[in-house]
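Given below, in the form of structure tokens, are the structures.
Presented sequentially are two complexes of subunit A, the first with subunit B as partner and the second with subunit C.
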Partner chain A sequence: MLLASLLVASFVIFGALYLAPGNPISALSGGRALPPASLRVLEQRYHLNQPFLAQYWYWLENALHGNFGVSITLQENVSSVIAARMWTTGGLVLYAALIILVVGIGSGVLAALRPGLADTSVLVSTAISAALPSFVAAILLITLFSVKLGWFPALGNGTSFASNIRHFTLPAVALAISSLAIVARVTRAAVREEADREHVQTAVSRGIPARQLIRRHILRNAAIPITTVSGITIASLIAVAAVVETAFSLNGLGAYLVQAAESKDLAVVQGISLVLVTAFVLINALVDVLYAALDPRVSLGSRAQ
Partner chain B sequence: MSPRRRISAAAPLLAAVLAATGLLTAACGRSLGAGASSQQVSPTKGLVTTTPAGTTPVASVTWAVYRPVNSLDPIFAFDYPENTAISLMCESLLHQAPDGSIQPGLATVVTPSPTTMVFTLRPGVKFWDGNPVTPADVVYSLDRQMEPSYGGFYGGVFSRVKSIAATGADQVTITLNQPDYWLEGELSSIPGVIIQKSYAVKEGTNYGTPAGGIMCTGPYEFKSWTAGAGVTAVANPHYWNPAVKPLVRQIIIKGVSSAASFTSGMLTGAIQGSYYSGLSNLSEFEHSSTVRVYQGPGEETDALVVSATTGPLASVKVRQALSLALDRQAIISQVYDGAAVMPRWLANPGTFGYGQSVFTKAYDSSPVLIQNLAQARKLVREAGVTGQTITIGTSSEIASIAAETGAYQQAAEAIGLKVVLKSVSAADYINFFTSAQARAGIDGFITVNYGDYADPAALLATFALPGGDQNYDNFSNPQMTALLNQAEGTANPDARAALVAKAEELATKLLPWIPDVQPTSVLFLSKGLTGAVASFSYMFAPWADNLGGTR
Partner chain C sequence: MATAVGVAARGATPRARNGAMALLRSTGVAGMVSAAVIAVATVLAVFGPLLAPYNPELPSLGLAFVGPTGGHLLGFDFEGRDVLSRLLAGAQSSMIGPLAVVIAAMALGTAIAVVAAWLQGPVDTVISSGLDILFAFPGILLAVLAAAVFGAGLTAAAIALSIAYTPYVARVLRGAALRERGQPYVAALEVQGASGTSICLRHIVPNMLPLIVAQATIMFGWAMVDLAAISFLGLGVQPPAPNWGVMISENEPGILQGYPLPSIAAGLCIVGVVIAFNVLGERLFEQAQAARR
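== the complex of A and B ==
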């Protein structure tokens, strides 16, 4: 399943980039007219003078042997380009996911169970944050918390774990903010729905303590839609991360993917895309596993894989 | 001889968002812009070539470039990030001083005959590892630039070179097929960077990459290059030139791809210095208590490349009319936020690296290219092209280019011409320069272009000589060709300057390209930091020799 996705994705991406106008050598030379002899040397070095299928096959064959090629612009192995940047994107998405899960689900549950002021303020704030695209959120956050207040750094990755956390806080919030609202809304609706169910009313009438009621009878049942929406939004963060990484000058995979695509650095685009596709598939697989754990009626074996 | 151009796509885009939302703008007026415009006619007023030398040690400086550095190999260095990093650490055979003049670098030069250049290495010059620079290193470094099998970008620079050979214990001789007094300029720039032969041979194609590193001679030595953290250089305690004592313990060259990110990074102190160019929100820094902005002489020309071989723009009169109709002050204030001056020639006055008095005198007697619509309309009528169409290539994704294209559209329509815009993506804009197919049907497009060293001819030759790299409209004028060829073979700097000045005056009449504005070089420094070179020569020669703290 994963391998098939990767193979199809790699071919489609390779083809799309191949068909797009421009060529990596002119991107490399900044449009400077190169001596024809130099041009020939460079084209040969990167196999650019070969037909499309030959180029793709060359890439695929190497990739199957664990060699993802060399970046034309950086002259560096694609695997080391990815390794150096993977933790930035991974950490950022993880941090944002944590914020979405804790704050999103937390505020959703709160709003569902505490009608009145709490509910209204969650509704209003999620209405605003749902409409806030990441790049606008990034600018707002930088302006307020870095430039005006000076609480958080405006850019960069940080060097130690503690400074990583400080550097990643604003980007993670910018990344999480609109998805967070969606998760909060869905949580609120799901919890409301479960709370109104007969078995919950029965449990209330039997005098089951509120804590136990919420945990076992409401949240457990509401967990399925919450897991679905959380899974989808968190998987989508992988793609949105590119925007946030650029805004905060984080050296992540997404930001570099954009740059590599602009300079038609095929091997890098391929490598990074495949990592992102893998992560996407894995997150979705994880969500499937969670379904099974949450709901005994769902068994993994019966699902068409 | 060898021009490059800036097409930084992402930065202006976010800057535009920023400006539109007005979020970072602390409600300050654009005092660098329209208000100060009357003074911008004077090209060098208020410009500084250097900043006062630093006096105290500094632990670490983060220096921003508009995107991460791709290569530290001088044969692949053509753009701002690579040049900034290489010129921080490496030195050339000759040296381009901040005022653009050519000085001895690692070697001194004499020319016993018009076709012979003899370089003598200065005593004591050595690489970071302590080994002396030898003639073999020099021959290797230049051969590497010249030899096509390395795939380098500068081969054309050496077109008149017959041979390069070691001719003594500290001597290298270049023999030319015909006199080439432009070569000294090139050798004071990136094509003249000297690297260690044994190191480069050992690293092979890894030289200048994160895996291979580099071996040069400068006051800052290469320490590390990690994809995330940028290129780190540290002070070289054994620098061969005792006159220079590097004060900054480490300098990190970091790619910052968005103008918004750069602005907030600079304002919050996450970035301490930069030569970030083309910012349309420069005035935001004006009232900052943490950042100082200097403007120095620039060497770039912002121009409309003429690629029309037929149609209205192929006519000199129409080009003159369009030039007269262009509102250049608007470009200075809106695109450059004041960091550009009105042109008199196609060349930026910051390129007067030799024969300065000759150049300055000729330049000052040439008229400023101010707007004159009446005159422009008259020319269009004379040419009989009223109502005809010009097609301009542009990219709506690159804010500066879109704005300048808009200015041309306005100018053309004001004088009775029609304009069709052909917009491409930011990434594809480069194809106008490299692909005849992309240029098909396009009459012109905007560029910011510069030569390899301070000489007006360095850029002019690329588009005003037949066969020039950027001569897209097959421009050919016998007088122009004669002037430039004669200049290349003229030893005396003043005599050469006089010839080049004549060529520039001619170019300003014939307009093989139409000059828009002349950008200044912009230097950002955190308060407490001083000593960086402020002129555009930072692109070609060490710029942090005097960088340090203030008391």
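== the complex of A and C ==
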């Protein structure tokens, strides 16, 4: 299933070249006029005089070896561009994932176990933040924390690791804010449902201390839906990261993908798309494995009907 | 024979026939407020350009980023255009894109779901596996790819998003379609010789209508966010055409100079409408679940 998804996705990404109006050469050159020598190089490199499936095979083979072709706009190997920017995007997604897990799950558990003020405030704040798309959150954060308060820089990557963290904080929060709400709500629902279960009430009546109760009896079982929703939201961060990177002028993969799309630099678009889709599929597969590991009743490869 | 007809008659009448107003009232205060917001947004989408007091596209650089004054409630944007007029005019492109996406994705998704549920067997397996595989493409990524291939614009983005959303719709509706398929009235109709197509079109789909409407409502919110994000990236609606997503990005430099209002105003419009669709959609969803039990 994993391989099938990747294969189909790569086929679509490759085939996009042929969907473009005009012939593949004009698509690859982005509509620019190239000297005949360059045209011949392009023809050879992309095997344009061979049947479609053979071309697809060559492209895929190259891609698997890390060779994605050359960027028309930057005149560099696409793979070196990807390598340079991978850490920015990866770091951003990781930072956001951390925020989602810690704040999202944390507040969900808090809301479930302490009804009253804590519960209501979590419910209200998640209702608001769930509706904040990342780019709106981005401009609100920049307005408040960068311009008005000056706590965080608004743009750019930062130079050292420490300044990286400072520069990435607002983007990570913007990225995390709506997913965080969903995770918090699901966590709250799952923990509440578990806390009402008979085995928990039995444990309470047997006098098991609260902390052990929460950890071993409630959270253990609630972990399943929590993991699933966390996995799905984190995987979706990969695509939305492009928006946040653009808003904060970070030089990540997503931002470059958008620029390449605007300048019709197809080799770059195809290369980055393939990398991002692969990451997306891999994370989803990881969530499936985790799900099977957490719940012994579930066997790998079974799909929810 | 009489029993079969009786069963067919009972199950064949779609359930939520109490009328749209009754359904709306049952969604509670939050649902009705959301519906009102959506109605206002729709009116603005249709009449926005006519209601705008000033020209939304005429730049007047001398007035760039001037704050709220006299007849200009929200001040001016980065090219000296009245922000309120631009918001009113932008409602059209901000609402019509999601509408197209929802109609396309719901139509396609329903068709696929019903076909898979009706034919079952190997056709269903193939379709379900296909749907699982298609989940690999996040909507925004497909839209960026489409923009690279076909050029930036609302049409390409809307088509890409419709394609990306269809598997999800088909997945959700397939379950409901399967449930309907298993109802006694369907077997009764089959016994009476009704064709598969007519049963699907005249009975199964209408009975799925509450779920379809709820799903469509929630999906409008998602489509709006995704399309606004794509316009924000510069790959959707192109400036100087007014559009809420475009307004956020084109006025972003203003934030750094201390004039956040144009950008934030556009953002709040999007958030307001999306919240309305989310709340109403969730309520409708609950209604659809309750009606089934």
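We adopt the following convention: the second predicted complex is superposed on the first by the 243 of 305 C-alpha atoms of A that agree within 3 Å, B and C clash if a C-alpha of one lies under 4 Å from a C-alpha of the other, contacts with A are read in each partner's own complex, and residues count from 1 in each chain.
Keep this in mind: a contact is a pair of C-beta atoms (placed from the backbone, for glycine too) under 8 Å apart; a residue touches a chain by one contact, two chains touch by 3 or more.
On a predicted model such as this, the values are computed, not experimentally measured, just so you know.
Of the two partner chains placed by the overlay, only subunit C lies in contact with A:281; subunit B stays clear of it. Shared-chain residue A:251: touches subunit B; no touch with subunit C.
Contact with subunit B, but none with subunit C, is seen for A:156 once the two complexes are overlaid on the shared chain.
Once chain A of one complex is fitted onto chain A of the other, the partner contacts of A:76 are limited to subunit B, with no touch recorded for subunit C. In the superposed model, A:41 lies in contact with subunit B only, and not with subunit C.
By the touch criterion defined above, A:240 reaches subunit C but does not reach subunit B. After overlaying the two complexes on the shared chain, residue contacts for A:53 are found with neither subunit B nor subunit C.
Contact with neither subunit B nor subunit C is seen for A:204 once the two complexes are overlaid on the shared chain.
Shared-chain residue A:130: touches subunit C; no touch with subunit B.
In the superposition on the C-alpha atoms of chain A, the part of subunit A touched by subunit B in one complex and by subunit C in the other spans residues 21, 27, 135-136, 139-140, 142-143, 146-147, 154-155, 246-247, 258, 261-262, 264. Across the complex, subunit A meets subunit C through its residues 1, 4-6, 8-9, 12-13, 16-17, 19-21, 27, 130-136, 139-140, 142-143, 146-147, 154-155, 236, 238-240, 242-243, 246-247, 257-258, 260-262, 264-266, 269, 273, 276-277, 280-281, 284, 303, 305. Against subunit A, in their complex, subunit C makes its touches with residues 128-129, 132-141, 144-152, 175, 225, 228-229, 232-235, 245, 248-249, 252, 255-256, 258, 260, 263-264, 267-268, 270-271, 274-275, 278. Residues 21-23, 26-35, 37-38, 40-42, 45, 73-77, 80-81, 84-85, 88, 135-136, 139-140, 142-143, 146-147, 150, 153-157, 246-249, 251, 255, 258-259, 261-264 of subunit A are the ones touching subunit B in the complex. Considering their complex, residues 2-5, 7, 9-10, 14, 17-18, 21, 23-24, 62, 67-68, 70-71, 76, 78-79, 148-153, 155-156, 205-206, 208-211, 226-229, 254-258, 260-261, 264-265, 267-268, 270-271, 426-428, 430-431, 433-435, 438, 469-470 of subunit B touch subunit A.
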